[in-house]
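Working notes for the structure below.
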Amino acid sequence: MATESSKTSVLGGVDEGHLDLVTSPHSHFGWSTGRIMWTVSAALVPCVATAVWFFGFGVLATIAGAILGAAGTEWLVGRLNRRAETIPDGSAILTGLLLGLVVPPGFSPFMAFIGGVVAVGIGKIAFGGLGDNIFNPALVGRAFLQASFPAQMTDWSHATSRVDAISQATPLGLYKFGDPSQFAGDIATQKLLLGEVGGCIGATSSTAILIGAAILLITRIAHWQIMASMILGGLVFGGIFHVSGIGPSPLFHVLAGGFLFGAVFMATDYVTSPNTPVGMWIYGGGIALLTILIRLFGGLPEGVMYAILLMNATVPLINRHTRPALFGAK
Amino acid sequence: MELFGIFIAAAVINNFVLIQFLGICPFVGVSGKLSSAVSMGMAVTFVMTMASMVTFLIQHYILIPAGIGFLQTVAFILVIASLVQFVEMVIKKVSTGLYRALGIFLPLITTNCAIMGLCLFAVMKDYSFIQTLIFAIGAGAGFTLALVLMAGIREELELADVPETLQGAGITMIVAGILALGFMGFAGMKF
Amino acid sequence: MALRTFRGGVHPHEYKELSENQPLEVMPPPAELYVPFGQHLGKPADPLVKKGTYVRQGQVLAESSGFISAPVHAPVSGTIKKQVKGPVVGGTTADMLLLVPGDPAPPKEGEEAEPVDTTPILLPSLPFDSLTSEQIIERVREAGIVGQGGAAFPTAVKLSPPPDKPIDWMIINGAECEPYLTRDERLMLERTADLVEGIRIIGKALGEGVNLGIGIEENKPEAIAALRRAIADAGVAIEVFELKTKYPQGGEKMLIDAALGRQVPPGALPMEVGCVIQNVGTALAIRDAVLAGEVPRMATLTVSGLGIQQPKNLQVLIGTPLKDVIAFCGGVKDTARRIVVGGPMMGFATYSLDAPVVKATSGILVLTEEEATPAEEQACINCGKCISACPVNLLPTRLVKLAKLQRWEETRDLGIEVCMECGTCAFTCPAHIPLVQYLRLAKKNVRNLPRKEQ
Amino acid sequence: MTALAASILAMGGLGAFFAAALAIADKKLRVEEDPRITLVNDALPGANCGACGYAGCAAFAEGVVQGKAPVNGCPVGGQDCAEDLARIMGVDAGESVRHVARLMCRGAVGVARDKADYVGPSQCAVQDLVSGGSKACEYGCLGGGDCVEVCNFGALEMGEDGLPHVYDDLCTACAACVTACPRDLFELHPVDREFFVFCKSHDDPKTSRAACDAACTGCGICARKSEGAIVVQDGLAVIDYDKLDPSLIPLEKCKTNAIGWLHPEKVPQPVEAGASPAPDGKASS
Amino acid sequence: MAKKQVSIGNEFVKGLWDQNPVLRALLGLCPVLAVTTSAVNGLGMGLATTFVLVCASLIISLARKLIPAQVRIASFIVVIATFVTIVDLTMKAKFPALSKSLGAFIPLIVVNCLILGRQEAFASKNNPFRSLVDALGMGAGFAATLTVLGGIRELLGNRTVFGVQILPDVWEPWIVMILPAGAFLTLGLMLGAANLISRRRERIAVRMARAAALNERTV
């Protein structure tokens, strides 16, 4: 038949009756969830590198413990539920990596492993897995560790350190419980920038964190509004208290402790942050304010983790109240 | 400043729900919808304030002078139950709108241990009348805060793929646990 | 000066280079034409001819069935073989006429040979200088002209705004923001003077005091230059808006926002802010109908994609089956796997190559794995890319989550009805969620919801 | 003794005061409401625990009466309470013939043909939006399992043939599947009804035959002998169950098996044996 | 209500699992969370609650025909409050340590919705013997759940159960388990586990019903 022959010639090797029937659009930006997660992990490499430089290779064991706990839980639960393989999307590994970077150097790898299990098991899978969690899983894991092993989580003496000063208490700890004068002036700022201070594995060097921030901003992965609002909030609120005679300089607030690490890597987590522009500003500012309140008036020297967790809880409310007006609506 | 301290302590640092485990039943039950949560929070705050004042008077002007402190539990619960029922009737009569918003939550409050707990704590801590009042308002605010946060989260979780077995109370407990971890940041806060 | 544009949107790979420099070509009539009754938004036209009738080119095959409807004409002289139900693009099947081009069948033996007129039917041409608004609108209605932008809205309706909505701007949409498509670009280059005439006719139809303009994306500098020249030659006031190359710049509301800074309220038509938008192809069709008396019988379309042998810009008789057009372009390569009618962002994948070209068909794309790999849907990670890209400020991810739970009322409350299915959200989604599909589902169900009590 | 006296006095005083206040309030402030609310409220445990998600038992009762809350929504009361509420609400009042859901399509995998490779979410309602999904027949079952998903009783299961199967004993005729199916393929029928037209296709014979081996082509053979019990409407056989005598239908003439018995293996023998041999034989000769 | 006479045995057993006040009905959660820092505390609280529940149920089912409907709730509360006071005073005198660690939650038994709920739902509608058995079952279910929860938290948080060390010294105690957060998380997971078990049962029931339907069809 004529039509038959014309069909075959028109379609070449393609089979009519088996064309793709698919909804529009027929074009895609090309990014995938996995690519985002792995890029964020890559942005953490400078932090890992500086940690190894300052604290020695021991930190890798701790990080590995956390990753193993997180990814292992993800894998096991997926297996038990006969769900599709979710390890390749990199999110569980990223959670483990983030958790491993926010515990003290010399922290027991086994405890890090427990933290990883809790982070993914309770922080993520209990909520329905990737995308459904309300709280940042890595911080859930860290909060659990902090509450379970308070002594070990504030023990900064295990680092086999290259520089003497950093195996002591953190700058924030010194500020709160020790000698505040030790951290004043330009030398302190310089030390904080380089990372020659005590602190969590990945959070010592502000420079390394800022390199990561640059990667996240250039690839447009992180919402710049969150980073900007949190850092700006830290400077403004810290400044207000500083001017009224309470607390250290605003720059110290931002550079010391986990503030920058939190602003760049924790607060910007897509899943647990608002997705409206106005909401992002409220969220970042809220974290900064809570952090500084806890640092200045609370019983603990550091409060970034609690601040982010608490603001995570408000994200549904923020999203709801900052919905952008429809196009053309007054 | 001292009153402010009492307020913050009751609202945040020793949050009734998340730290002291008072009022868990309505916390689990009514935190499914944000609108209900707001109303419930307001109703609880209102009843807490009323109840704390009345029980303060009863404690200090009837039970203690009469030397019958052991009747505290019976007297308080009687007062609270009657008070709640009375308030409900009044609201129902006065305004249907207000009843819709607040009144329907009132029966739930009778057996809310947050109210009873508040009255007992106020007596235990030997607060003055004004302190009791601030304590009650702070506790109510804290209860509302926890309830509203939880309701927002639960409405969001309705869109999530929460494992079937954890849906409802299970995930509510886990969220509460994580919130409790977060509230630990306020531990030892002093102004 | 910064180029004019709107908030949101995306910039997909253009692929215009495939067909940009191919001049328009007229495809010869195929063996059979399938002419559907419903080629426009609104009720399908009512058939007028019977099986076996000989029809002349331009003869009315089906008449308009209501205010929002359009008549269907014979694209070429031939014999109506029968009425069939056949595949259509973007749906399942529809009623259509099978028309075999050619001379009338010879009379049966013993019957007297009746002389048959085989010349095309032309409407009387109207002199440009004495045109009235009513004349133009009546002619547009009679000719069954529909919008070429995709929705195929009957143009006559658009040209008759109610008296309480004064129009002060008429803008021609030359953005052609869909990747691949180059037919508007070719029309602007090859029929520049006709287009200017068409614009002036539409201006007349809308009455005195209407400002005229045309919006073109900056990636078509030649078209911009050619139009500027033609406008200067004609000595008329038509403003050329140079727009940023961004999808969906060609959406009516986006175009008005970019060109004039006016935002059409949700649920309203452009006339709400005093604007009328017409497509390039529509303007030319109006010009042809008014000045030459011709009804639309050809669709101007781009055949492109990495899977087609020879990308072309074509003028194809309405009713031509897709397979004949593809054959005319040399057939497909073995790597082809999806055939899309329309642009890649809003076009429909077709399941059958027997489906015909209709009045508003703008392109046929043969896509390969490289261009359109169907990826597996992953979990939403709330990245918000769909939200920042959505040109009408919706929250696509939330709407889709609600749609999956069949919570239609809430999708309505979040404004789902303003969604124009432009596909921007699904284009940016890193989790490859078929957002548009779910949004369509929600829109459909929202339409079925009982009216909201006031 | 003073303590005892004081206790009695204090508690008695308090009790009397509140009792009086409440009694007066009850008289003065009473508000009329739907009597069923009171009935439902009385049937509830009254724990006011809020576990149902409502603000206490009265609110839940109101929800039940307004049809917003399910009768089995009280976790404290359990099954007994649910049954009481159902009785008050008259939910299962009808003592009519038990109905079950039946799927009116036999276009299983391999029987019905595909027109394209559909890529996307498998749910029928979603699939149906993209040019009707992969199935060639635009009336047939898409096999996405929307019906299985909505069935709360486990009465539906997706078979290996790509069609949902009904477990009669578990089906409550709640009609959830009827609503869920975008192609309206489910119908509720008396549980012992065995004879159906398993097709909804209105296509012309050529199209429907091309799309599916089990399609009703509207040929009308079944209609001719059925004495009006079967008529062909718009290309599809439709049964009038009031007039139906299956023994009259020349089933062996239905080439596509679109019309016939639900369970061919347990066709009611007595009917065939007793009533049909003679007419059947004549009909087929 | 009286149409279906449940056997006395079932009346008791249902409280242990099918209608377990904590895991299935989510009643009385405040003490469940607050006092279960150790197995002993859990057991103590469970027994105290059971005592009040049993006594109140007995009294109320005896007096059920005397109490007018309008004031029944108030009457229930007074009866319950009386027994709570008895328990409170007794514990203060006999078990001062336990009483101290349970704190305000002993007087708060009065507002435990489990107790009031059983009075409304059961004791006020059934004879004393049935009510007694029901209360015992519910109380036992409550006490058992509290003890298990307390045991888990004590084990992980303190290495011990009922004060006896179980886990080796190498095990770093998880302090979070005896903090509020640990209570919420453990109860959440326990609820999940309970649901998992009952879902599995339901699924098996459906599967069996389907199998039965298939058999019937082929027969």
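All chains are identified by letter, namely A, B, C, D and E, in their written order; residue positions are counted from 1 within each chain.
The working rule: a contact is a pair of C-beta atoms (placed from the backbone, for glycine too) under 8 Å apart; a residue touches a chain by one contact, two chains touch by 3 or more.
Note that the structure is predicted; figures quoted are calculated from it, not measured.
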Note down the smallest number of touching-chain steps it takes to go from chain B to chain C. 1
Where the contacts of chain D and chain E overlap, which chains show up? A, B
Higher number of C-beta pairs in contact (A-E or C-D) found for C-D
Report back the single chain whose CA centre is most distant from the CA centre of chain C. E
For chain A and chain C, what's the span in angstrom between their mean Cα positions? 47
How far is the middle of chain C from the middle of chain E, if each middle is the mean of its Cα atoms, in Å? 68
Roughly how far is chain B from chain D, going centre to centre by Cα mean, in whole Å? 43
Note the residues in chain C that touch 2 or more other chains, in rising order. 348-352, 374, 379, 434, 437, 440
Could you list the positions in chain D whose residues touch two or more of the other chains? 15, 18, 26, 47-49, 51, 115-116, 119-120, 129-131
Where chain A touches two or more other chains, by residue: 19-23, 122, 126, 129, 131-132, 143-144, 147
Would you mind giving me the full set of chain pairs in touch? A-B, A-C, A-D, A-E, B-C, B-D, B-E, C-D, D-E
List the residues on chain E that touch chain B in their complex, please. 26-34, 73-74, 77-78, 81-82, 84-85, 88-89, 104, 107-108, 110-113, 116, 176, 179-185, 187-189, 191-193, 195-196, 199
Give the list of chain E residues in touch with chain D in this complex. 1, 4, 18-19, 24-27, 70-71, 73-74, 78, 113-114, 116-117, 120-121, 206, 209-210, 212-213, 216-218
Within their complex, state which residues of chain D touch chain C. 115-116, 119-121, 125-126, 129-132, 138, 203-204, 207
Would you mind writing out the residues of chain C in touch with chain D in their complex? 85, 90-93, 348-352, 374, 377, 434, 437-438, 440-441, 444
Residue ranges of chain B in contact with chain D within the complex: 25-26, 28-30, 32-33, 36, 39-40, 58, 62-63, 66-68, 71, 74-75, 78-79, 82, 85-86, 89-90, 92-93, 104-108, 110-111, 169
